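Note that chain A is present in both complexes that follow, paired respectively with chain B and with chain C.
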Partner chain A sequence: MRDVAIVSVAQGEHRRAAGELNEVEMVEPILREALDGVGVTIADIDFTCSGSSDYLAGQAFSFVMTLDAVGAWPPIVESHVEMDGAWALYEAWLKIQTGAADTAFVYSYSKASPGDLPRVMSRMLDPYYVGPLWPDSIAYAGLQARAMLDAGITSERRMAEVAYRNRESARSNPNAQVVGSPSVDELLAAPMLSDPLRLHDCPPISDGGVAVVLAAGDRARDLVERPAWIRGIDHRIDSHQIGARDLTSAPSVALAAQHAGVDGAFDVAEVHAPFTHQEQLVLDGLGLADGVDVNPSGGALAANPMMAAGLIRLGEVANRIMDGSAGRGVAHATAGHLLQQNLVCVLEGGE
Partner chain B sequence: MSSEPDRSISTMPDGLWTQPTPSVPVDLGDDPVRRQVVPASMRYDYTPGLATTRFLRGLAEKRFLGERCPQTGDVYIPPRGVSPVSGLRTTEQVEVGPKATITSFCVVHIGFGVNAPPTPFVSALFLPDGAAVSLYGTMGEVPHDQVRIGMRVEPVWVDDDQLTTSMENIRYWRPIDEPDVPAEQLKGHM
Partner chain C sequence: MAADDDGPDTAGGASGGGDGDLLRAPLVIEYPFNRTTGPVVGAFVTALRNRTVLGIRAADGRVVCPPVEYDPQTGAPLHELVEVSDTGTITSWSWVDRIREGQPVQSPHALALIRLDGADTAMLHVVDAPGPEAVSTGARVRIRWADEPTGAITDIACFELDGGAS
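Moving on to the complex of A and B:
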């Protein structure tokens, strides 16, 4: 295996609606910052991979227009995933493993604001049995939370505590959208949104993006003092049919964690759990020891740009390794609905 | 076991898409479900962005506002805010056209959509003077077999009281009495 590291991370200031900008105008400064951060241009990049969704953009082949901001002339080697950017990073990591590239540029973004996000999300469901019923994403997250509550795995108070901790942590995150939280008791006094979910149990709807530069071996050491080395990365998938799953567990998290080498002590963990009840499922799957700083950025409950919130988790861990505040961290990204697909990445400082 | 007839593909010669018989028997019963109707609609409030907003506002004044790549100097229209060649933000607005040159065209014999002109008609790419890329539109006031690459044209706008921030402000393009532009000069702008 080749040593591959994250050497640069940039993200935008996430907000409810970047109404005045089109997608390419929104991502251009983010892409520029990630490349400028390590003093490279697109000519120094061997492979570019992005993640986005036409369903969010409401436009066919929307990623092709956003590619304008990369400066794809002369022609570049480029790919795209209709997934969170964490999976674009996985593809770029594989490309570097094959020896076909030493450097890669990965970015992902979305503007959820043009559409009705909970309805757009429902289009991920199967088209025959569940999709025609148009359940919105809050409603089916509620099914999962209800199953967990009935199984005694979580409680409404514990869910509120997750919301409180993440949004208080977001006070130190300049890119966060929802910063600070009322007390847990105040949160619990709020009305239900989709029973048993209250507003604080749900992620904000965000427009935003993230960009990352990857480099192999000495190239990474040349670019930054402390590269964030990818020591393990794996992704796994559970059934697409929500009725066929036990919604009170996410086996694919544990499997991905096992294959990514999640073992021993970590300084920091960034997990992609858009709904409060899901954080516990992810942490249980990862099997982390006590004392790990979980979601110092505030996680997806503080800013949830679709297609980017997963890659941001890898970026947040990488930033803490590159600035020396953490030596070893684990990042998790999810895709699909109700933690259906999960990616786990172990990042480390050092040689 | 049921043997499904091949589906017809209207634009393909007979048999082109014929598939081999499945090796595993398919039992669809006496009354198979052949169709499920699932109404679906999603509404989007599309945001054109800063640069395209400037372009659309220009159209309402019968002006073509492109934006210049700070690296190559080329002017892109409709502008998207970023040069597709250098990836750099465009900041300088440049008025181009309205006179233009045909860089490619197609004679359409099967029209579709409620606003399609009577067939045959010509759809074409029009390179406004001073721009690096072409705009799409249709030709009018000329027989379809006289349209050619390099032909000089101008837009025919809707009446002033009909002007909006829309490409539909251009009814069609028509020839003007200027010599053709040699095809060699259009290289790189097709």
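Moving on to the complex of A and C:
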């Protein structure tokens, strides 16, 4: 295996609606900041990979336009995934492993605000058995929360505590959208949004993006003092048929963690749990030891740009390794509904 | 996409400025492809048209409903379709207050996972109920069939609470 590191991370200030900006205008400053951060231009990049969704952009091959913000002349080697950018990073990591590239540029973004996101997300479900029922993503997530409440492995209070902790942590995150929280008792006094979920149990709808530069071996050491080395990365998937799944666990998190080399001993963990009840499922799957700092950024409950919130978790861990505040961390990204697909990445400093 | 008749002012496509001349186009979310449903999904939706529900027997003997083409554990192809009941039990649910276009019940209702009698897994559908206090995990439900079946999951118009037995 080649040593590959994250050497630069940039993300925009996530917000409810980037109304006046189109996707190209929204991501261009983020892409430039990531490249400028290590003093490179797109000409220094061997491979570029992005993650975005045509269903959110409202048109086919929407990612091609965003290449205007990258600068694709002279021609570049480029790919795209209709997934969170964490999976674009996985593809770029593989490309570097093959020896076909030494540097890679990875970015992802979405502008979900023009549509009705909970309705749009029903389009990623089974088109025969589920899609024609148009279940919104919040009620759909509520099925998992209810299963956990019925099983007694979470409570409405514990879910509110997750919201409180993440949104309070977001106070130190300049990019966060939802910052600070009323008390847990005040949260619990709010009415149900979609029983058993209250508003604080759900992620915000966010427009935004993230960009990351990867480099192999000595190239990484040349670019930054403390590269955030990828020591393990893996992704796994559970059945799309939620009625045939045990919704009170996330086996694919545990499997990905096992294959990524997660052993519990970390300074920091950033997990991609859009709904409050899901954080516990991810942490259980990762099997972290006590004392790990979980989601110091506030996680997806503080800002949840679709297609980017997973890669942002990798970026948040990498930033803490590059600035020396953490030695070793684990990042998790999820895709699909109800934690269906999960990616786990172990990052650390050192040689 | 066919344009609506905007009347004589815009029939020529020219726009003379002013608020009344804003160009507008509907954005329709659709999946405009025809697909064949195959031997398992096809059998399931055809049975719905005849007001019966099919599951499929998995390698471990469990009945998966709605039926899948491949075993959830081993990936082996499955073939043995099994008729299950039109009554069942709610295994999880959430309440839908904000109704969206296309949803089967156009008033507040429950989204639910329902294990039909004779099946070992649950199917997703909606339950027409007066309020969240009327719904519970373990509640018994029964299919309300659509008046005019078309061979789709929506041939099940919805589920309704079954006589208070729980």
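As a convention for this text, the second predicted complex is superposed on the first by the 350 of 351 C-alpha atoms of A that agree within 3 Å, B and C clash if a C-alpha of one lies under 4 Å from a C-alpha of the other, contacts with A are read in each partner's own complex, and residues count from 1 in each chain.
As a working rule, a residue touches a chain if its C-beta (ideal position, glycine included) is under 8 Å from a C-beta of that chain, and two chains touch if they have at least 3 such contacts.
This one's a predicted model, so the numbers in the text were calculated from it and none came from an experiment.
**Q** After the superposition on A, what does A:Asp150 contact: first (chain B), second (chain C), both or neither?
**A** Touch partner of A:Asp150: chain C, not chain B.
**Q** Once the shared chain is lined up, is A:Val120 touching chain B (first), chain C (second), both, or neither of them?
**A** Touch status of A:Val120: both partners.
**Q** Using the touch definition from the top, say if A:Glu25 reaches chain B (first), chain C (second), both or neither.
**A** So A:Glu25 only meets chain B here.
**Q** Of the partners chain B and chain C, which touch A:Tyr128 in the superposed model: first, second, both, neither?
**A** A:Tyr128: touches chain B and chain C.
**Q** Quick one: is A:Ser194 in contact with chain B, with chain C, with both, or with neither? Answer first, second, both or neither.
**A** second
**Q** Would you check which partner chain A:Gln241 touches, where first means chain B only, second means chain C only, and both and neither mean what they say?
**A** second
**Q** Scan A:Gly58 for contacts with chain B and chain C and give back first, second, both or neither.
**A** both
**Q** Do chain B and chain C touch any of the same residues on chain A, and if so, which?
**A** 58, 115-116, 119-120, 123, 127-128, 131-132
**Q** Which bits of chain A are touching chain B when the two form their complex?
**A** 18-25, 28, 31-32, 42, 58-59, 65, 68-73, 111, 113-116, 119-120, 123, 127-128, 131-132
**Q** Quick one: in the complex, what on chain A touches chain C?
**A** It comes out as residues 55, 58, 115-116, 118-120, 123, 127-136, 138-147, 150, 192-197, 239, 241-244, 247.
**Q** Give the list of chain B residues in touch with chain A in this complex.
**A** That would be residues 36, 38, 42-53, 80-89 of chain B.
**Q** Which residues of chain C touch chain A once you look at their complex with the stated criterion?
**A** Counting only chain C, the residues touching chain A are 27, 29, 31, 35, 37, 41, 45, 64, 66, 68, 72, 91-98, 100-104, 111-113, 115, 121-126, 132, 137, 152-154.
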